[in-house]
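What follows is a set of structures for review.
What follows is subunit A paired twice: with subunit B in the first complex and subunit C in the second.
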Partner chain A sequence: MELTRRELLKTSAAAATATAVGITIPATALAKSKEAEAGMQWDKGVCRFCGTGCGIMIGTSEGRIVATKGDPDAPVNRGLNCIKGYFNGKILYGKDRLTQPLMRMKGDKFDKNGKFKPVSWEVAFDEMARQFKKTYQEMGPTGIGVFGSGQYTIPEGYTMAKLMKAGFRSNNIDPNARHCMASAVVGFIQTFGIDEPSGNYDDIEHTDTVVTWGANMAECHPILWARVSDRRLSNDNVKLVNLTTCSNQTSDIADSEIVFKPGTDLAIQNYILRELIKKDAVNHDFVKKHCVFSTGPYDIGYGMRGTDKYAFDAEKDIQAKELKVTLDKDEAIAQRRKEGEVVEQKNTKKPVKHWMITFEEFKRGVEPYTLDFVAELSKGDAAEDIEAYKAKLKGLVDLYADPERKVTSFWTMGFNQHYRGSWVNEQIYAIHLLLGKQAQPGNGAFSLTGQPSACGTAREVGTFAHRLPADLVVFNPKHREFSAKLWKVPAKTLNPKPGSHITKIMRDLEDGHIKWAWVQVNNPFQATANANHWLKAARKEENFLVVSDPYPTISAKVADLILPTAMIFEKWGLYGNAERRTQAWRQQVAPPGEAMGDVWQGLEFAKRFKLKEVWGEQKIPGLKAKGYDDGKLPDVMAEAQKMGYSPEDTLYDVLFANKENLKVKWPDATVSRGHGNHIAEKLGDGWFPEKALFDEYRQFGVGHQHDLAKFDVYYGDKVRGLKWPVVNGKETEWRFNEKYDSYCAKGSGFDFYGKALKKLPGGDLDKVTSKEKTSLAGKAKIFFRPYAAPPEQPDNNYDLWFSTGRVLEHWHTGTMTRRVPELHRAVPTAVLFMNPEDAEKRGLQRNDLAWIESRRGKIKILVETQGRNRPPKGYTFAAFFDKGVFVNKICLDVTCPMSKEEDFKKAAIKVYKA
Partner chain B sequence: MSKKASNTRRDFLTRMGQGTALAATGGLVWMYLLNQQAHATPFAIRPPGSLAEADFNARCIKCGQCVDACPYDTLKLATAEAGIPIGTPYFIPKEIPCYMCEDIPCLKACPTGAIDPALENIDDSRMGLAVIDIENCLSWQGLRCEICHRECPVKDKAITVEHHPRRISKHAMFVPLVHSDACTGCGICEKACPTQKAAIRIVQPDLVQGQIGDHYRLGWTIDTPITQDFKTDDSDRTGNDTPAPSLDFLNEGSL
Partner chain C sequence: MNISGILVVVAPDKIDSTVETLNSLDGIDVHHIEQSSGRIIITQEAESIHDEIDGLKRVRALPGIVLAEMSYHSFEEDTENVTGIPEELEHETLDTVNAPID
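Moving on to the complex of A and B:
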């Protein structure tokens, strides 16, 4: 980051330049622009893109968004935006916007092998329901699936979760957020017993040490990074450390950059833990009062299929590791075993089980992680001197250990998209908890989110295969009972067996376990690793795939039915960002053509199902739960009738437009303020679905540590989002800290009150030794998790690492940002960032076209040796936004076995000239 | 122009005159100068390694081989509208910039040396200079853009990003700066700039570059250790037989 003063001087040269090339606006033009400004109406909103959650203001004129600005009153961004946020107003107006339902047809009938033709919504829903019912009757609730999203608005996620779980009795709804933060969730639930961060973004201004682990915040959380940079610049005592596998823009302002080998973050964490104990930097008082130690099994596999039946030949050697692993030298040391030992993966079905251990056992666990061992194992840049690297690791320990220092650790996909993603999440909490540096201003491990409502919708609403709203889970009988009561459905309507996670929905489409699927607010056929399998699965004769999207994506291309969908400011909605801040916006403009919002699509589909079609007995293969016959959900019609429902009632009548909700009128005197609501207007039965559903949903969390304010509160002119729990109208800044969080027990100081997984048996490092369970109420867990080697690593044939992720200019699969001409022009295509020496060795020059080949597929890509990312030798990176450079054909669908989140960061490839 | 063949015969006056004409008066002066200098317009952005404008025009035989060799269709031959000698190669960065091929095929194709074969490293080419209009640059307002920096093929040399405090909030500004000692003028930044009109443009360096006096060094830019073995040069003190120029003043006239 050292910039010479000479360079600083050039500022003034540039200032002079502006005068030379500046264009003077004539007075008449100025007057004209003022006139145009006068006709504009402004309203508050939220940026459509990342999890930062910047506030924006939206300016409309004559039914069109003509301008946006960063909201100067938004505490997150104070009027600023990144270059994606700058273009919020343009994402709605791509030339190829879908405006009518399209179905594959031959003649006037649906045909799997037909061409897409425009049809009416009526025809579209008829076919969609016919196909649904065919599969549902044949296979029951497990034969259907929904690909949900961390970009759903809260009412959208809630509509679909309720429709699937309470209506269709299926848990096969899982969001793309699975690929984004599931490991973070497992980390939260296992460590604290409750999801989401204890701190908030103000930690940045309170801390004096920021450590980024596998988070290129400079590009992926640009506005937050501006806050971190400001903190660094305003105080020389503030230190930034960037731990990464590839030198990147985040390193540019860092005081220390630690480039490590993929997967060895686990070893570095254990080295830190060991050193903290050796130095006696442990906050014994905090640990004794608020923590326990814990561990679990190591032989948990890699989240691949247990069979090679569906694997390509080239994939079989990696797939075999799901069953058996031969320990390499480093794993043997790290796991206190012998090199070459063959370890059967016995705990692939129960990877999350864990037990309490003593501090002495914990110490024994981290003992092998000496500086020499870890430095040798983890050093990621062959060109770096080992002693210099060791000095950096020691420096990192010193920063964490310094009792005078506050430390905030940030991470995103480097941790989460990891074959041991849940473990690395837990280990970062272990470091902070051991030091007592958690849940205080400036002190804490803070999981950043990738998507705008991964927290607000996917997690809080619970659009996951195992979740219900407010951290409730389907396999807990009390949670089901509570949810069924709130939803006013018979107790045994809900299905106790977790459904298929998003990768499994893909696998289910491939192997015939799911035959009907609906994609909403995401593009999974471009965004899921090992895509060649799933593209083929989508086109299997017996599968019916519906894709709701505003634009023709890869997923739309492999669909059977495409539903044109309204975009963010064409509907009412709320998002929840990474700091638990819930923010709302109104409909600003009408959607184009016949495009309709996802809430409407869900509600309209619900109208096509009568209770008698879904609430009879249903088979659920493999279901075993107390109070249920094996493999079956009971017929609940009799109970439903006792509750006053008729078999002829539709799911729309019962779940959505019920008596309570119909009382919530559209237009609404308090919040509608003349804004339209295309969904309420099209439904035409006088209710305000977004408001009714939100206020119904919030009842799950009120009084249960997840309190949201009422719908109307978020629409207040002065409100710029509120951080939950919102108790007595007051948001919570730091959770688990008695000073700030009213849920903490009086006099506790800190209270990790999360309820999940708070009764554990005891054991040693290897096994449970005492089955008797102890309550850990109010405590957090410090885990020991050993280093495990990545299942796929470069070898003689596939000799380079490959990783994927984002660039600042584009969002995910580029569906929106690639429709903004300016962003497309700036970064038209994904390139392969590689080390110049690696390129030269392969006879490649910058901008040459090359093949990337992995065990799973091959793609063509342009080589970039002088790019923004500066990989060490042996490492490559390409972003996944570009459908023309189909990166996910290369990536490996290994997942963290606990979180089921895919590891997009570690594939082995070869690169050669095209 | 390559670094080596840097502009020794630049016509400062013409360029400055044309710059003014564009910015201020538009028509008349510009037409006059065009008529005067029809064979050497300084606004043409030439292939990498091209000689100084007059030399280039003298050597270029308008064969079009460089245009054929360009793999990106960046280069084109001037037509009458281009306002430069018809048939000579040039490019417009906002349309297609120079992608800076490592093997410089346009240069290899040139049969006359109008594109100077002395240029070996494409990074040494000087086709123009990027300048930032800081009033309209998003990054200079605090937005997180810096696309020019990330897309610059000689990033961290030609364009760097500096972190400035933003007085009105707790966000640092990431401001891009262009460095003429490394900017090749390839125009990738201008092409990539996302503002409605590009806030970074390729121009002829002389239009915008000033020069610090030869008599002064910026104290922090170079190390100048105190000379330990100082060599006195007193050649001027011997054989000085020119009369003192001030004698006339001293001796003539009355007070």
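Moving on to the complex of A and C:
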């Protein structure tokens, strides 16, 4: 009997799945599968949703993606693929895909108040450059800004970072990844002196204890969760603890669920540290050889503006806490002070400073965190018995302390999006370091990420306001010198003053410090907390906003110019995932209409600037740096001419299509394999930008602990990404561990060789007492950080907690996943998860329409009292994917003062019937 | 129309009863069984991804399931394409000016 096409596809799907997971199937089934796939080409790719970095195979036929499958050879996902994985193919084909540049026009001219009309790329870039030059001449490099992304491919992020920093001499480029993992970065740099995890995902199979802190892995990292549950369910000795503020799916297979009050994770960590010392579970040998103790100031504010000039009236009471805080009862105990004491926030400008303390001082710091104190403070579910809760906390300590047990701790946004996000990151390392359970298979604190290249691009390329590639920073003269040399630009081209972080770019647009901004690969006008301010700022007469986007997002709607952008498999690219794995893919299909990749957009824009327009003297308000006149960058044209450049050269000629890069030819015999490259083809000058730029970029890290392999290596048929540092062709599984990491000093056992912040003065818990700096080369820091209360908490007026995050079927602002119509119906609209008793008290039932109101705005939403998120009384949650339910109008733009990452998890709201 | 290939893992002694249950579910076909490891390969046919998610949840909720995760997805029957200016941009309804607090 002849099979129908559908039956054939099913046979093929089954055969592919069986093959992917290593099940032998009959030859006849394989043959049918081949028949179904006749005419289809398969090539390796990487999922562009979430930071896990699953390998997927992309099936194309006649210029269209028709199937995707989990890559059986990918060590991350081993042939599996979560529901999000499928969107990679489908997402290219949404009905409202943008296919031509759109500009606000009246008649044939740009007009801020005009309507969007299609224009040519030429007209679009002309207006964009005209507006840029107007602002640049008026305000200099600080008047412009770029909203970058953790979804940039590596070449995209590198193009923009180089264009901004070496070309325009502006550090105002900052990614949405700031909102996602900046606190994790600070935790890494402060603790280890180098960014990114020591371990990798294989810790899951090596460990026998998994502790999740503020990470709903079951929904947000389902493939890793499949590995965790596999490990848990196949071995009775394996234990799983979920610490969360809201009972969720991750608790379903947990041995213990600890529901805590928002912000009190800091207190729980200190309780654990105290108990580990009391029990003498400390690994003294490890600590003595490889660690020091440290602390810093507590009066660091909450990352808000220091003025209430721009605040709505209702916001002013919270904003005032940026200047002064009255300690509550718990903070007083936790910080060894008096209740009601008013503490002026004196260290808001230098929140990251820290000094060494003794172990004795450290013990004194954690001493107040007794079980009684911490249990009372942190218990998140009023209905739970306090003794039962205490038993769980004790049980958690026992698991960490057990010398026979390996422990892996995971976290995501619960830690990172936190008014003390850097502190909670530091404290989890403190626990692991004190136990000597770090940087070994199965033992370690591991920061999961939310975006596909938050690590690979945002962090490693350094598309942040203060960073350069490979952990270099703009304020370090040696780092600038090294970078300028590699970039072949005059040394003083680079601007030593860090630029505006992403929330500050928004604030700068509102208060007139930035008047031209470009949004790439993200949707900041939906994704930034306290959105009402920023929407207004976008539409201010004097601001010009460019948004590169494949779809009409909220950001696109408030733009002046929209540039249609190619999506993932319409271009060449590389991403770096959360375990330091760099992975690559080829262009699979051509972008629709006139849509073009972000690399091309950056390069094309660079063609419109001559050196003489940007490399003359530039004002930088507030700049103070050795070798620079106050407030300005010098004219570097004379030096540029000595280097052989002409004032008439464009930034494209000098930074990108230079002699070396033009030698890297497209098409490339080694890797192109018949695939197109719409960017190289459109540029038409014969080079292969993605390859040339990647191989240029990798030079930053080679020999400096950040070694990446060459571009071609990642395209090898057998390669499924490599975990850096890649030394002598070999990836590094566990960093800082001599057994696995060639950068460790011989005989060290462990070597925390990161170089940043490794010379410290000494002091006590409160202050520096000896200014003399000691080197801590090779050592990691164990911090003491006290509990501090959230700046906004429920009160009589706004009487509920509100937190936002992801759900499985959607991702971030939903720009992409909401294009898939069927999927859209799966979660028709964001709902407010609340406790049934809280709903009843307000006369609300499931599916009722309600208002949520905070100090910053109000929105309508459907009430959900059942389902997979089960909040304790007093706590509510809604996801932020739905632009019809604009939750960021509600959220508070408090940030961790050290990382500048916003706290999306702790707003106070009231809810009433609509 | 979506067709997915799904890996299901159960305790080896539950394999027969699970296969029987799976076969009774709408849209699901059991294709391959590996007795020793408790692994079963099924396909699921669903009108929409919504139905696919629900379908997968339905499988996960069966007794004794250790794992049920997708691996393969085909959407070759989708044919919609992109034309013109998106409607959303022609009707500007976004409220960007009004003060947020009544």
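Assume the second predicted complex is superposed on the first by the 878 of 914 C-alpha atoms of A that agree within 3 Å, B and C clash if a C-alpha of one lies under 4 Å from a C-alpha of the other, contacts with A are read in each partner's own complex, and residues count from 1 in each chain.
What we mean here is this: a contact is a pair of C-beta atoms (placed from the backbone, for glycine too) under 8 Å apart; a residue touches a chain by one contact, two chains touch by 3 or more.
These numbers were taken from a predicted model, which means no experiment stands behind them.
Novice: Using the superposition on chain A described above, determine whether A:Leu80 touches subunit B (first), subunit C (second), both, or neither.
Specialist: In the superposed model, A:Leu80 contacts both subunit B and subunit C.
Novice: Looking at A:Gln845, would you say it contacts subunit B, subunit C, both, or neither? Reply first, second, both or neither.
Specialist: Only subunit B is touched by A:Gln845; subunit C is not.
Novice: So, A:Glu205: does it touch subunit B (first), subunit C (second), both, or neither?
Specialist: In the superposed model, A:Glu205 contacts subunit B only, not subunit C.
Novice: Contact-wise, after the overlay, does A:Asn476 reach subunit B, subunit C, both or neither (first, second, both, neither)?
Specialist: It touches nothing on subunit B or subunit C.
Novice: Answer with first, second, both or neither: which of subunit B and subunit C does A:Gln866 touch in the superposed model?
Specialist: first
Novice: Pick one for A:Ser646: touches subunit B only (first), subunit C only (second), both, or neither.
Specialist: neither
Novice: Considering only the touch criterion stated at the top, classify A:Ile253 as touching first (subunit B), second (subunit C), both, or neither.
Specialist: first
Novice: Using the touch criterion from the header, give the chain among subunit B and subunit C with more contacted residues in subunit A.
Specialist: Between subunit B and subunit C, the winner on subunit A residue contacts is C.
Novice: Using the superposition on chain A described above, determine whether A:Ala226 touches subunit B (first), subunit C (second), both, or neither.
Specialist: Both partners, subunit B and subunit C.
Novice: Quick one: is A:Thr358 in contact with subunit B, with subunit C, with both, or with neither? Answer first, second, both or neither.
Specialist: Neither subunit B nor subunit C is touched by A:Thr358.
Novice: Where on subunit A do the contacts with subunit B and the contacts with subunit C coincide?
Specialist: 6, 9-11, 13-18, 20-21, 70, 79-83, 85-86, 222-223, 226, 229-230, 233-234, 808-809, 822-823, 825-826
Novice: Given the complex with subunit B, which residues does subunit A contribute to the contact?
Specialist: 1, 3-11, 13-18, 20-22, 70, 77-83, 85-87, 204-205, 222-223, 225-227, 229-234, 249, 252-253, 807-809, 822-823, 825-827, 845-847, 866-868
Novice: Show which residues of subunit C lie in contact with subunit A when the two form their complex.
Specialist: 1-7, 9, 29, 31-32, 34, 39, 41-43, 45, 47-54, 56, 66-67, 69-76, 78, 80-82, 85-90, 92, 94, 96-97, 99-102
Novice: So in the complex, the part of subunit A that touches subunit C is made up of which residues?
Specialist: Spelled out, the residues of subunit A in touch with subunit C are 6, 9-18, 20-21, 23-25, 29, 59, 61, 66-70, 79-83, 85-86, 89-90, 93-100, 102, 115-116, 118, 222-223, 226, 229-230, 233-234, 312-314, 532, 535-536, 538-539, 551-552, 554, 556-558, 562, 592-593, 808-809, 820-823, 825-826, 853, 855-858, 889.
Novice: Using the touch definition up top, name the residues of subunit B that touch subunit A in the complex.
Specialist: 19, 23, 99-103, 131-135, 138, 142-147, 150-151, 153-155, 160-163, 165-166, 168-175, 177-179, 191-195, 201, 203, 207-210, 218, 220-221
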